[in-house]
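Can you read through this structure? Questions will come right after.
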Amino acid sequence: MSGNSFGKLFTLTTFGESHGVAMGGVIDGCPAGLTVDVDFVQKELDRRKPGQSSIVTQRKESDTVEFLSGIFNGITTGTPIGFIIKNENQKEKDYEHIKDVYRPSHADYTYEAKYGIRDYRGGGRSSARETVSRVVGGAIAKLILKQHGITVNAYTSQVGEIKLLKDVHDLDLTKTETNAVRCPDELIAETMIHHIEQIKKTGDTIGGIISCVITGTPAGLGEPVFDKLHADLGKAMLSINAVKGFEFGSGFEGVKMKGSEHNDVFVESEERRTENGEVRTKTNHSGGIQGGISNGEDIYFRVAFKPVASIMQKQDTINNKGEAVEMHGKGRHDACVVPRAVPIVEAMAALVMVDFLLRSKTNKM
Amino acid sequence: MSGNSFGKLFTLTTFGESHGVAMGGVIDGCPAGLTVDVDFVQKELDRRKPGQSSIVTQRKESDTVEFLSGIFNGITTGTPIGFIIKNENQKEKDYEHIKDVYRPSHADYTYEAKYGIRDYRGGGRSSARETVSRVVGGAIAKLILKQHGITVNAYTSQVGEIKLLKDVHDLDLTKTETNAVRCPDELIAETMIHHIEQIKKTGDTIGGIISCVITGTPAGLGEPVFDKLHADLGKAMLSINAVKGFEFGSGFEGVKMKGSEHNDVFVESEERRTENGEVRTKTNHSGGIQGGISNGEDIYFRVAFKPVASIMQKQDTINNKGEAVEMHGKGRHDACVVPRAVPIVEAMAALVMVDFLLRSKTNKM
Amino acid sequence: MSGNSFGKLFTLTTFGESHGVAMGGVIDGCPAGLTVDVDFVQKELDRRKPGQSSIVTQRKESDTVEFLSGIFNGITTGTPIGFIIKNENQKEKDYEHIKDVYRPSHADYTYEAKYGIRDYRGGGRSSARETVSRVVGGAIAKLILKQHGITVNAYTSQVGEIKLLKDVHDLDLTKTETNAVRCPDELIAETMIHHIEQIKKTGDTIGGIISCVITGTPAGLGEPVFDKLHADLGKAMLSINAVKGFEFGSGFEGVKMKGSEHNDVFVESEERRTENGEVRTKTNHSGGIQGGISNGEDIYFRVAFKPVASIMQKQDTINNKGEAVEMHGKGRHDACVVPRAVPIVEAMAALVMVDFLLRSKTNKM
Amino acid sequence: MSGNSFGKLFTLTTFGESHGVAMGGVIDGCPAGLTVDVDFVQKELDRRKPGQSSIVTQRKESDTVEFLSGIFNGITTGTPIGFIIKNENQKEKDYEHIKDVYRPSHADYTYEAKYGIRDYRGGGRSSARETVSRVVGGAIAKLILKQHGITVNAYTSQVGEIKLLKDVHDLDLTKTETNAVRCPDELIAETMIHHIEQIKKTGDTIGGIISCVITGTPAGLGEPVFDKLHADLGKAMLSINAVKGFEFGSGFEGVKMKGSEHNDVFVESEERRTENGEVRTKTNHSGGIQGGISNGEDIYFRVAFKPVASIMQKQDTINNKGEAVEMHGKGRHDACVVPRAVPIVEAMAALVMVDFLLRSKTNKM
């Protein structure tokens, strides 16, 4: 497996270039007997789709998933689920101008250094379009999690300098989808949208942060010492295009705390300890994970996205002969990747959670 | 592999509990023909060892590595390298008092929830003592990297609120090992040490940040889309005990930047492009990685550590019957984990780099 | 990876049911820079296709491969190669009669016992139709092997009691494709064909053996102690539908030999030892593999196939309520699977050889 | 994992050279809560030990297993089980005479071709001594299988030309351990022993076959299409030193049968179908596996072993300069490997069965 498979028991293998024939993937290890709500899968894809609002790219792609195997009469059979999403927007000529040029902070140069060849059309495999396959895999994973009472909700918590300061418990996450930037606080959402629009006018781009919370996780998920639950969540997030950082629980701020402040004290509970993790803690600086294993509290983490590299401004760079050239971005790009990345963060989190849910089934005799 | 193996081609599998017979591991996939400098391996272990200074735990463990296989006349043979580090400090009685108690922010409860049983002596498998095996694996990895001109250097860059603000290029990293806190700036180091000593006196603990820089990496390492170089570095770091966050390049601060500021412009170079990545960039917000593949610039990242959970203060908690109890920390613990974690960060980074170095050998026909 | 991926560095993941929308797969880890001869791939598929002669099934399927990714301007880019082969022959009604019945020596019962559900149309995932995806993967692998001077040739060496007794070195393997049964000895081929025709007339089926020889392998392929070259070849063959046995070199007959007869004596050579394995042995009872590693001699092995389970005769069996029922085979089936399995044996062997070729690249410093 | 790990969820990683410090391994993925009967593990090792009878090698090795981790108060904790078996018989001088010589049909040449270096003492890693670690892993696996009512029994069924013709159901397998050759038929056993003694007197060696039967397997184990139950059993057996072939169920003889004879007809049963695979078949040519998945019937297979390569006779060969030399075997070797390989076959079979038992836990929602 050369880098295009994710997960150990619930495995997603993906393929596809931005301007190739199709994107797609194979989900192997999906338990049999799951009813597949194809509408739900498609809706998840639609959340990621370009052209949903004024602040995202206006490219037109219908992004319709076609399932090819593994589902019989609407139910998973335990065999691999193959799927494709056809690419409709293949204009090879559009990309002649970047054929020999290394776009700054893109993967043009590194792919060529690695492979000696690259599909330069729209970034090829390095395009964020690759994430459509992740969203399909993640949607199937979410259907499994739903059966176990586990929910995964991500939202935009920062755009540039504009931060959502409220704690997740003070937010109404049902409002995340009500605005274009996917921030559950309407007032902050409006400011973020305005900010992105201003940035966009200048042909520039801006970064942001996505927060994610997972509820309903039973205690016991995670496989130390290397496959700690948060380590795989971190890898999952860092594998998404444009991500520069990951923190969970108290995160980077936690380093300033003392142990006496940071420790999550266990509290006595009427119900006592059960398999569902009813031991509770007073605080949750641990972010629902202790020693790499879920403790039943909410899991929460934050993911940092850099500003999109494709700017609509003139830039200096070099070509593949090492000569200085000047380039000017064109095409239809997002000024901020964060709003469309919300469903991708959720998809990757769902893949991790299902994988560890399955892995946990063999922990005890 | 149930969570105790790391790496795909250069694989470290570890075993061992804090108070069991021995810690140890198996390195599989080490290329044949490497001269093993056992003194160097032992020195790396010594860097991690307790009792090195007044600010770390005073436990006495000699931590001597014994190689059992895979090395013949001082040279690796390509067969698996088995090794052990015997535990000398096994006092079972010391731990009777925590047998039935869930220590706050430790892994007592989660291990028991997962496995239905736990080795409560010193935290068992969840103890940071587990990392001795990582340091041995990392030391072998460093010997390989040395042959390729790649260096890995970590250092303490923050303790509590005390930050080292200097950029890595303004630091003399040869000074990292000259002080107890492993901060290459002597003045800041002194302040950090003083701060840890003050915290320690109150029986409390404090968190910190370790920065790491990798130089000499050829362009082309990393296996997108899931096994991006920084994604595996992130997972490696997050798998270390007490880590709460990881960021590389511009990291979390980068979200505030505009694309026009953040993009790393390629610069014309006399030498032109070569296999060693002599295409250069003016800035390095990318942290040496673009699209998940190294570009030949320095790779740098930061790792956040929470305050140590073992405090020498009275704490409320519950026992395994769900009853409220009061506990008081005893034993010999670090007031700040960061100084001793520096060699662990380096070890894990070295393991990742060697794995990707080997994986890159099959990228082209 | 839950059983539908094969290979460690050169990985084929497949999906698809006999009567689903499409068969397909993903090849991950194919080195960049390989020119893909799509005609060759299609020809390999055509060798496996039904309806080629009177002795094989007369089902009509065009089995046209469509590549979806990983190839740009006819050359592999190092990114995953997705492909599909559409199913054209989907007649759901044809299979209503076996919906509730467990066909003897088919996988109906075991799939249902395992998954609680099965796609009963044409055997679903357990159909030998699944092997189309292996042939595509194997064809790409063969293109890589060709660049390294390695050839893989299989042929029918037994049908029922009719054996080809000649040693591989006394055969002209270019004649394998000249007859319907794929036996390079024309006289024996004719007898085999006649035998299969006779069997077919009675509505019965017959087993057979495929021999395979791999030439041009450099010394040094294979990864002991578990991933011995012949162990993975064996697994590859045993994973093909209807296979019941595998032997290499002297095989089962070798157990009767004495060590003094069986040992392959090394012989002095003018050219001396080189990287291409020019140390030679007088005999080759080892089948080109010693200690799980290729020694440069020809690798040869034999694969036993049971008679096809689908017979055109009345059979007693039970239904999924455990009741005795009588069934009568219908549809278009092979009376002997061996002729069409020859390209499948080659495909699986090629996949193994490329995987070990790539794995060997990191054996030495 | 570079070839020294076996299994996906229940993973055994081994290390050690014949004349290194120690053999050993790590079992990862063992469910928590298993009581480890260390006496049983040691007895399994003793079955494999040299010096048990006149027909096996007279080397003295105590082969005492030491568990280092993963077991607490006699019970597995779910953490990795590290273990070692110290080598006592390290006489380096004994091997000076083969330092530069390639022994015929040994792995001397291939290891050197692969790695450029070899530990020539006693065959190093390629020595069958490596299998001690497999026996330890297999013994733990057997303890798990026992809890599930699954038994694994192997026995010698052929030595040279001397065959045990009786079917497994006509044998009393409790007699296997009553004689030195491990054949459950006393009369045949005696003939085999006599034959081996005769061969030994001439300084020669002889091959043989081990049969194995697994009872009590529930229906549903095996992970098609690649990880078929018999495919992994085959790989497991072929990975044992000196093995040249594997067949299950009707095996190579089955190729001569017609489908109407070979098909295993399902029979009506009072108890009806249950999770324990109470659907039964009249015959069992399938060897308990259909479509790569167990059907609840007995699983049986046969493993072919070549004659031991170390003969006590003069042999021609070459040295590592390519020069013809003459060598004469010395040391203490088995004249027939089969008796001591019986526990190894069982160990590998047990590892496979536990792995698939664990893998099957996630097949259904």
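As written, the chains take the letters A, B, C and D, and residue 1 is the first residue of each chain.
Here is the rule we use: a contact is a pair of C-beta atoms (placed from the backbone, for glycine too) under 8 Å apart; a residue touches a chain by one contact, two chains touch by 3 or more.
Because the structure is a prediction, the values reported are computed rather than measured.
Here B-C and A-B are compared, and the pair linked by more C-beta contacts is A-B. Both copies, chain A and chain D, contribute mostly matching positions to the interface they share, with over half of the numbers common to the two. Farthest chain from chain C (centres taken as the mean of C-alpha atoms): B. Look at where the CA atoms of chain A average out and do the same for chain B: the two points lie 26 Å apart. Averaging C-alpha coordinates per chain places the centre of chain B 45 Å away from that of chain C. Counting partner chains per residue, chain D has residues 1-5, 9, 14, 29, 32-33, 78, 111, 114-116, 125, 362-364 touching two or more of them. On the side of chain B, the complex with chain A involves touching residues 1-6, 8, 14, 102, 104-107, 109-111, 113-116, 125-126, 130, 158, 160-161, 199, 204-209, 219-228, 230-232, 234-236, 238-239, 241, 244-252, 254-269, 272-273, 275, 277, 279, 281, 285-287, 289-296, 304-311, 313, 315-318, 320-324, 359-360, 363-364.
Those residues of chain C lying in contact with chain A across their complex are 1-5, 8-9, 11, 13-17, 20-26, 28-29, 32-33, 66-70, 72, 75, 77-82, 84, 114-119, 124-125. Chain D meets chain A in the complex at residues 9, 29, 31-34, 76, 78, 144, 147, 358, 361-365.
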